[in-house]
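This is the structure, below, for whatever I ask next.
Naming follows writing order (A, B and C), and every chain is counted from residue 1.
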Amino acid sequence: MKSGPLGLDPELLNACVSCGLCLPHCPTFRVTGLEIASPRGRIAAMNAVETGMAPLKRPFIDAMAECVQCLGCETACPSGVRFGRLMEDSRATIAHRSGLRALLSRAFGAIAYRRLLPNQHVLHLLSWVLLVAQRMRVMPKRFRSSVPRLTRHRLRRTLNVTVGGNPDVWLFTGCVMDAWLQKTHVATAAALRSTGVRIARPDSRAGCCGALAAHAGRRDIARSLAKSVVAAMPGAAPIIVNSAGCGAALKDYGHLLGDADAERFAARVFDISEWLVAQTASPLATEARTSIVIQDPCHLRNVQRTHDSVRLLLGGAFALLETNDDGMCCGAGGGYAANQPDLSTKITKRKAKALRDAGASTDVAVCSSNPGCTFALEAAGFKVVHPAELYADCIAPDRGEPRNG
Amino acid sequence: MLAPRFNTRESERARAEPLELSLYSRDAGLANGQAGAVCFPRDASDVAFAVATCKKLGVPFVARGSGTGLAGGATPLDDALVIVTTQMNRVISIDAASRTAWVEPGLLNLDLTRAAQPYGLHYAPDPSSQQACSIGGNVATNAGGPHCLSSGSTTAHVLAVEAVLPNGEVAMLGSTAPDQPGFDLRGIFVGSEGMLGIATKVLVKLVPNPPQIQTMLLDFMSIDEAAATVSAIIAAGIMPAALEMMDSRITAAVEDFVGAGYPRDAAAVLLVEVDGLSGGVDHQASLITEIGRAHGAREVRLARSESERQLLWKGRKSAFGAIARIAPDYYLHDAVVPRSKLVGVLRTIYEIADSHDLTMMNVFHAGDGNLHPLIVFDRRVIGVWERVQAAGTEILERCLAAGGVLSGEHGIGLEKRAMMAQFFSEADLELQARVADALDPHGLANPGKVLPAGFRCGEVGINRTLPEGTWI
Amino acid sequence: MNSRFDPTVESVNASELVDPTGSRTHSGLGRRARDGSIEISAPAGIVSHDPDDLVVTVLAGTKVSEFSDAIGLQKQFVPLDPRSDQATVGGVIASGLSGVRRLGFGPLRDNLLEVRFVTGYGKLVKVGGPTVKNVTGFDIPRLLVGSLGTLGLIVQATFRCRPLPSESRWFTTSSEPGGALQKMFRPTAILSDSRSTYVLLSGEAVDVATSCRLLASCTETADVQLPEGPHRGRMSVAPATLASVEMQLRATKASDLRWLIEWGVGTIHLAADSSTSIALARAIAVDAGGWLLIEDGAEDLDPFGVTIPNLAIMSRLKRAFDPDEKFARGRFG
């Protein structure tokens, strides 16, 4: 069987037996009840386009754009369907088709993914613009849940780590994490140093991991960003990532770049919790354990599949509360909240209910390790902390870094 | 007219766009049909309106929940209107004291059990697709599941159904009080595969979680030994909560997905669960161990923790999906034979598959003799589909000859309607058609299902297409 | 193979009006005026019992006592508990009599697998199937349960059997029955009359003892009897309303009223010396959203005393089974 207009691997497409077990694990299906907003429906739609039964235009294109790419379906799929591959490949074809809409979206992508995110200075400048916009209440509605409440404190550069060199481990700092979640980086650095290793951060070449570009079907941009990232962290030292989305992207460089160097690079990548659990004993509570609600970022649970490390790392020191929603996506999804605000809001609402049901409140924080989730949940009124911050507080309670603000 | 109520501009209420319609042309079975339009009612009055409109226009209609059925029961024929209940998915109320709940039909089976959890209760029928399938679909097919061995299928857990009948009327069938005078209409409705109406509200029974559960895995070097153990357990007067069997190919496929620690080299494994008070549980577990060993069980493993138990079950419940790791297509059958005939029937059906040069595997509810022979194939191989069908028919014939029935839980749907005449006499089928005709004289409620062609009087005269413009 | 039913089919075909008849032990239920119907009975006898399959097939004219004795020989049972064990199996099905062990072993409808019966248009048909799990075709056996002879003459039935539990014992307790129900796991029956609570426990001896310890002053007792009297009725209410219904029963001035409540089920068996007392109880049932069917006596009262719901649907179904209204004419439209 040959592939059709989308250029999908027929073997991957054929692996779906339409059993429907993915449906309840798909956030867009959960909030719409529509087959076309489900993984099974999307695969059937891809099939229809590939076999010429449906045209490669709307509503197919809209259906592809509605997917959060949380990959809850991959975790649920007993047949091992590579839904993420199929979706990225479809989006890549869609991104490169002709027409004004596609052209505009490519131009936007080129600016956002190539010029803005990877460039710390531009991003920092933009952050101040956004801060002002927030103060003047002129922030566009669709960006409200993807940009956290910015303060001068939040934008302060407090991370003090050597740049480049030959460290024992690399701390990958990324784009948005570096701009808006410095406190997490500081805590991560403290946690890493507590294990006795010398750490360094990569130079400005490793500005963005390229995940957002890849999710949007812009593999060309993602590849060039990935090459810079690989070049910025040479050697054999482990690469520690504290953003679930970036970690998943770095671990996938082997596939993205398709060469042996990239494979070797990818094998060096670890999520911070994954690495800490393997290196050190988890801290134990000295007094009454504080309750924390665990939220698994999709890219930790469904892609890296290392979400249990967070529990192993923190279980001794905190009372971990679990949600009863099979680790459903929070709706943030990188650029998803901005691109699909309606769906995103519905999904976040569902997540918020699950978190509250699990015990999250003004007193009980949510533990999450992905910037997108963190911002969306903060916007939904939750107090969000990163596992590295909780860990660092345990091993060095007086490290003087405020956890919030 | 339909337009004001289900206008496509209200995009979440009704759709007629070709790509989207094509997604509703089948369920999880293999048959393809063609939907004329699809609508997403929010309540009983929406459903009643859709049904009444279909009646007025002479358009057939088909209810659909999650579309996880395997017999083509939700496959639309003749450009039918597909009435999708996914947006009617609330738990309306739970009465913990009387252990009942009112739910909407689109509610997922597992979500009902989750909602009941805080009360120490659960919903007993647990089809393998329970995470995805809807209560409405369960009602339509009288769905079963591993734990129906001791607790009975869906019908034993449904007290009342609010349904839109084929004439568009809303009726309450059954009651909270027992033994309503008159006919058990809820009884005939459950399992009627959408041919007697569409459920819009269901009153279900919830049952207390057992104080003790013991799940056991027995592994055997031959399928005959495993099957004989099943018969021996039942004959010894033990009624396990569940008694499942998996053959070696299934075990291997599942192990790849779940890693539950199933023995890859066993010819067959039995997954047995006993529950209740500790005395009975221990007594039954030790009896089962004894019977297993006497029949050649290599190992009897007892789940030591709830997580180990969950993992064992996850393997069993993922079995069908995991098949795609072996071949891109599968055809899953569903038949029941008397439990004492398991050994002979199993042996024959493997022979049937061999004679057609097909790979067959078995994962099934052994305790109630509910076989699920599963043929894996690749439809791209020329001529294979004909062989698959021929083998399937022979397997069902063999099951009937052993005193069995055509379906234990999936339903007849589109898949097996042609075989109904091999189980029922003409007079039997005529009566069933009379029942359908009595409630659906125009034959618009899920036509072309269950009963073989030629029995329904409403079969002629279906207006085959929706009038132009109705839905746009 | 069906020749054993030929005379029955012929009798039905030869008669204009038919009353399917068993032992007439429960004929007060749904009382009907005599209209010249011919009484036709089903043949009797056990057709087959396969203990390894826990399935038994019996001719509908067989008495429950004979049926239970026969399968009891194989240490199995079907939970049929009519007031009189001289009732026929077909009569129990048509009357929809579930029995007091229903809480533990399920209602009659859930234990019936396959039925053969003669339709009003004179055909012998099979509905359901002989295996414990079956969804082949419409579930017509359940429609026949409690149909009071209106849909056809039942001639044969197949039931699922259960192994006899190693122990099955009745106890009295001073525990309040509603609380006992919540506390215990799968009790076989929890009953109460105006004086005591009765609990039937089945299973392993150690579990029976464990369950017993959950109850206050639990003492073994003999079999519990349904209340007897010249006027009898069966009340059905939602299980959640039982406590309040019981209170109202106690509050009536009808001192001749005796009852036995099935907790967790919602059935109340009643007997009285006067039909006035039955009428009082019926008012309580209707007030609680339920009903009371007359089982015997109380000739001055309507046998159902409630508007039968969905009568229009029922009459359409009745015509499908019996187009000339040959069976039990006048009942259920």
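The rule is short, and it goes like this: contacts are C-beta pairs under 8 Å (C-beta built on N, C-alpha and C of every residue); 3 or more make two chains touch, one makes a residue touch a chain.
What you see is a predicted model, and the numbers here were worked out from it, not measured in a lab.
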Under the document's definition of touching, what chains do chain A and chain B have as common neighbours? none
Chain whose Cα mean lies nearest the overall Cα mean: B
Taking each chain's centre as the mean of its CA atoms, which one is farthest from the centre of chain B? A
Using mean CA coordinates as chain centres, what's the chain A-chain B distance in Å? 38
Rounded Å distance between chain A and chain C, as computed from the means of their C-alpha atoms: 61
Rounded to a whole Å, what is the gap between the Cα centroids of chain B and chain C? 29
Can you tell me which residues of chain A touch two or more of the remaining chains? none
Residues on chain A engaged by chain B in the complex (per definition of touch): 1, 11, 14-25, 29, 32-36, 40-41, 44-45, 48, 53-54, 59-60, 63, 76-81, 324
Touching residues on chain B, where the partner in the complex is chain C: 95, 97-98, 141-142, 144, 148, 152-153, 155-156, 165, 171-173, 175-185, 187-188, 190-192, 196, 208, 210-211, 231, 234-235, 237-239, 276-280, 283, 336-340, 365, 368-370, 403-412, 420, 423-425, 427-432, 434-439, 450-451
Please name which positions on chain C make contact with chain B in the complex. 30, 50-55, 75-76, 96, 98, 102, 106-107, 109-110, 119, 123-127, 129-140, 142-143, 145-147, 151, 162-164, 182, 185-186, 203-207, 210-211, 234, 236-240, 265-267, 289-291, 293, 304, 306, 308-311, 313-314, 316-317, 319-321, 332
Footprint of chain A on chain B - complex, ascending: 12, 17-20, 22-24, 26-28, 40, 66-68, 84, 86-87, 89, 106, 108, 110-111, 114, 117, 129, 131-133, 257, 318-325, 328-330, 380
